[in-house]
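Two complexes, one shared chain (subunit A), two partners (subunit B, subunit C).
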Partner chain A sequence: MSQMSIAQALRQAIREEMLRDERVYCIGEDIGVPGGFGGAFTVTLGLSDEFGRERILDTPISEIGLAGVAIGSACAGMRPIADVQYGDFLFCMMDQLANQAAKMRYMSGGTIKVPMVMRAPVGSTSRGAQHAQSLEAFFTHIPGLKVVAPATAYDAKGLLKAAVRDDNPVIVFEHKLLYGSKGPRSERGALSPIGEVPDDDYIVPIGKGIIRRKGKDVTIVGKLLTLYRALGAADELAKEGIEAEVIDPRTLVPLDKDLILESVRKTGRLVIVEEDNLTGGWAGDIAAIVAEEAFYWLDTPIKRLSAPDAPAPFAPVLEQLYVPSVANVVQAVKSLF
Partner chain B sequence: MSEFSLLDMYRKMLLIRRFEERCNELYMQGRIPSTLHLYIGQEAVAVGACAPLTDADYLFSTHRPHGHALAKGVSPRSIMAELFAKVTGCCKGKGGSMHVGDMRVGMFPAVAIVGANIPLAAGAALAAKRLNDGRVTACFFGDGAANEGAFHEGLNMAAIWKLPVVYFCENNLYAASTPFSTAFNIKQVADRAASYGIPGIVVDGYDVESVAEVAEEAYNRARRGDGPTLVECMTYRLCGHSRSDPRTYRTKEEEAEWQARDVIPTTASRLLDRGLATQERIDQFEAEVKAEIDDAVQFAEESPYPEPHELMEDIFAPEAAL
Partner chain C sequence: MPKQVLVPPLGTTVDTITLVEWLKQPGEAVTHGEPLFVIETDKANLDVEAPATGILTQVSAQPGDELTALTVIALIAEEGEAPKTPAPATASAPAAEPAEVQAPVAKPEPAAAVSSSAPICRERVFISPRARRLAEAHNVPIAGLVATGPEGAIIERDVRAWLEAHPASMPAAPAQTAVSARYTLQAEFDPAELLDWQDALRTSKRQPSILQVVLLTALRMLAAEPLNAPDGSELGLAMAELSDTGLRYRPLPLASALNMARLQKVLETEPQEAFSQGIALLDAGALGLDVLTPSDASVPMISIGRVRRGRPAWLSVSADPSALSALQAASWLARLVNLLDDPQQVLAI
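Take a look at the complex of A and B:
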């Protein structure tokens, strides 16, 4: 058991999987250059020294090509871990992910496997509108893709290992303020949670959520950074006698919806907190599931607490208004009582 | 240079031609749904390019894939059944005309997003190189695809990593209805190879032997580890872009010029001239091919449609053992 950051946990997962299976390789921009960054957030730092430049494969700035090569190689027997520097760049490779990776198996009548991982950092970190989006909902909407969003070091290692071993394309969303990247790649205002991570081999199964805090009065669902906002709010609420149950879905597709439904059936109230924009978003989808399947257990309306329908702003004073805060979560919960 | 049997290549081209003509008939009769992008006129490209390949080698195709599929060895029965949307089709009726393929003979489901197969093919070639399995990848696309960003990104990556892939640009002079000259400021797509530091070769796509010869050399280069080649095959559709195309953007004179070079009669004449076949043998091919297609149509017609449960199957692969 070691104490480590999410960046370290991801690096350990990659290293173990590459040692375990020759077919696993990393592909991305600036991931293995000697003297380079080890990816935008240091996750692959040092791995090219151990595994060589062929298995930590740097590409030109070519997101379509990067994704296409990863997917094509996965179809032909490799197990790529692709890396996009900022989640926002997934839009550049959208055809390859949405039309190729996600649909290859279906349109081949089930004869092709696409065991590919695409890692993507999301979240607002005062970089403005093109380096700060949370894109999860775009990908949960596409049949054929699995989507995970680890928020702790333990889950980061376990879910990434599960993703590498899964025979389907898996998008792994990671939050920039949770990595705990060191040195020049560290982030101002980062939470950088350090967690206990077993040194031995384990996986966190894709499709299983977890209750992060038990409570009986209200269910708060949060993922990535907003999980921590939810936990912070639960601490505050407890002082006022409101016991919040905090759920971390960990996997967005396939969703562990029973975990959420069971909790709501117990608490009768639901607040969903996320950093993505409100309209057409993931929070709306969770709200719809609960409204369809647990309506009669609800004591109050469901509350969605998302980023407003604006691009991510640059100015830190605006960004603070954009991303739901602990105080916002507290207020949202209290509005239900 | 291997001696590819002109007789065999002729028979393959004839199969594709008659298969496509039958597809057209069936479509007109309303027996095939959707639309069709027929390969009529371009047969020498697929057949020449596939002649040096084995079932282990990979092929990536486009929205116009029937010819590539037949040339690579996908069975006429399974292609026809796919066009009929039957569960016995090569994609269980879930792909359709634009996605035919069969991995048992190395053909990926055809990719109907123009140019998107170019980086995918580089990826398959990367896998072959890493796994050292000796496979070579053939990737087909039209002139229109050469103006997609995926073309640039894919060719560049294949070039810098010297991947075992051969890119066949089937330049049929029109991207749907858009003439080549309005979309390019260069004479040939192959000229672009220079910007990736790879060979760019222009070949007569109406001469199956020339295509086979150039293809084999490019595959040999790829297998030696010397990287990709861009082969531009000059060709022409002797049909519309899709079934709803009246071809009013081309002149009758231009069509007649290419029609006069139609690969089916010219290759038949070549066989006769060289004494490789008698007229009797050529007639016999017609009968054999017709029987094969009749059998494929009958198989497709008699096959069942997918059951409702198929809708939600094959979206995800079963999880691998963890």
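Take a look at the complex of A and C:
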């Protein structure tokens, strides 16, 4: 058991999987260059020294190209872990991901599998609108992709290992403020949660959420950074006698909806916190599921807290207003009492 | 504010009130105390006086209509308040328009102004699905709840507050899986007087069946002397009927002022599959039987046997003690049989 950051936990997971299975390799931009950072957020730092630059494979700056190599090699039997420097660049690969990777297994009647992992950093971190988006909702909408979003070091290692071993394309969304990246790649305002990570081999099953805090008065669902905003709000609310139950879905597709429904049946109130834009977002989908399947247990309207329908601002002051804060969550919960 | 014109209550023996004629027309001025309309009961015609001075408006009953006591059949508006033409019964806006025209004499009675629209446009109650579920599970009257939730809605805690204030309505502990000890009580009565009373209850249109007479008696008695489940909740009555799929039920209104016409209307409604809270009445006589107590019934059952002149008629109660205590059922049944022996007593209830 070691204390480590999410970046370290991911690195350990990649290393263990590459040692376990020689078909596993990493592909991305600047992930293994000598003297480099080990990708944009240090996740692959040092791995090229151990595994060589053929298994920590750097590509030219062409996302559509690296996605094509990753998907094609996966179809051919390799198990690539592709690194997208910023999740925003997933849009460059959209045809490869949405039309090819996601549908290949279905259209081939199961004869072609695409065991590919795509790791994509998300979140607003003073880098401007094209390096700040939270793209989870986009990819939960594409049948054929699995989507995970680990928010702790334990889950980062366990879910990445589960993703590598899954025979379907899995998008792993990682939050820039949660990596705990060091040195020149550290992020201003980062939370960098450090957590206990077992040294031995384990996986966190895809499709299983977790209750991060028990409570009986209101259910708050948050993921990635907003999970911590929800937990912070729960601390504040506890001082006022409101016991919030905080749920981390961990996997977005397939969603552990029973965990959420069961909690709402207990509390009767639901607040969903996300960093995605509001319209057509993930929070709306959770709200719809609960409204459909737990309507008669609801005691108050469902609240969604999301980023506004606007590009992420570059100015740090505006960015503070853009992403739902602990105070926003507290206020939303209190409006239900 | 407009004054409501009500059908007068005429004592418990009058079952049907028929509107004979209006003595004033909509839009006409009326004076407090002058005859406004004529009603017919099974005893006599009666002039009903105007309850206020003003303009007759919103007339919703026509000559020949059968009316229920205390129904609003018109409004008397103050001068300048009435719409020029008789408005449809649901319109509350026309009353507001002239009030705006008369802004200088706006009445300083905001609360009264709200209540004036009550009989026409009932205010919508917002209650959360969770609270409604709880209220329905415990027969909590939603109208009696105080809303404290967001946006003025009734939420779960409001129902719980009501239940705490009314401990008799608290949910019973989960039923023990004890051996069922369903009991059956029987008593006979002499139907002679009842059959005479049935004749006396002859309405202008429909003669009640003897079963309906028994029902009316039982309902009136139940309103005066409620039967309670062991957890304290009040038990209502439903008319049960045997169908191919089992028993079906028509819940009956519980009101001391219930009249035969209203009871007959209820008995024409479509029966429901389920009835969980109360006592079901079964017409054994219709099947040519004197006692019928289905042992698999989930609710207390009262069966009414054949009612024939010159023969004793049978009433029986069968219930599980967890739903209705035998002691309570026995004293109630004895009282009902006593009433049916001498139905004139019903007048005293």
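We take it that the second predicted complex is superposed on the first by the 337 of 337 C-alpha atoms of A that agree within 3 Å, B and C clash if a C-alpha of one lies under 4 Å from a C-alpha of the other, contacts with A are read in each partner's own complex, and residues count from 1 in each chain.
As a convention for this text, a residue touches a chain if its C-beta (ideal position, glycine included) is under 8 Å from a C-beta of that chain, and two chains touch if they have at least 3 such contacts.
In this text, all values refer to a predicted model and were calculated from it rather than measured experimentally.
Participant: Does the subunit A-based superposition show subunit B and subunit C clashing or fitting?
Facilitator: Result for subunit B and subunit C: fit.
Participant: Examine A:Met4 and indicate which partner it touches, taking first as subunit B and second as subunit C; both and neither are also allowed.
Facilitator: A:Met4 sits against neither subunit B nor subunit C.
Participant: Using the superposition on chain A described above, determine whether A:Ile14 touches subunit B (first), subunit C (second), both, or neither.
Facilitator: neither
Participant: State whether A:Leu298 touches subunit B only (first), subunit C only (second), both chains, or neither.
Facilitator: second
Participant: Could you tell me the angle at the CA centre of subunit A between the CA centres of subunit B and subunit C, given to the nearest 10 degrees?
Facilitator: Placing subunit A at the corner, the angle measures out to 110 degrees.
Participant: For A:Gly268, is the partner it touches subunit B (first), subunit C (second), both, or none of the two (neither)?
Facilitator: second
Participant: Once the shared chain is lined up, is A:Val148 touching subunit B (first), subunit C (second), both, or neither of them?
Facilitator: Neither subunit B nor subunit C is touched by A:Val148.
Participant: Per the contact definition in the header, classify A:Ser335: touching subunit B only (first), subunit C only (second), both, or neither.
Facilitator: In the superposition, A:Ser335 contacts subunit C only.
Participant: Have a look at where A:Met78 lands relative to subunit B and subunit C in the superposition and call it first, second, both or neither.
Facilitator: first
Participant: Quick one: minimum Cα-Cα distance, subunit B versus subunit C, in the superposed arrangement, integer Å.
Facilitator: 33
Participant: Is there a shared patch on subunit A that both subunit B and subunit C touch, and which residues make it up?
Facilitator: none
Participant: Can you name the residues of subunit A that touch subunit C in the complex?
Facilitator: 268, 295-301, 335-337
Participant: Of all residues in subunit B, which touch subunit A in the complex?
Facilitator: Interface residues on the subunit B side: 58, 89-95, 99, 101-103, 108-109, 111, 113, 116, 118-128, 130-131, 133, 135, 149-150, 152-154, 156-157, 160, 313-322.
Participant: Note which residues of subunit C are touching subunit A in the complex, please.
Facilitator: 128-133, 149-151, 153, 155-156
Participant: If you look only at subunit A, which of its residues touch subunit B in the complex?
Facilitator: Touching subunit B from subunit A are residues 23, 25, 54, 59-60, 62-78, 95-96, 99-100, 104-115, 143-144, 146, 162, 165-168, 203, 205-206.
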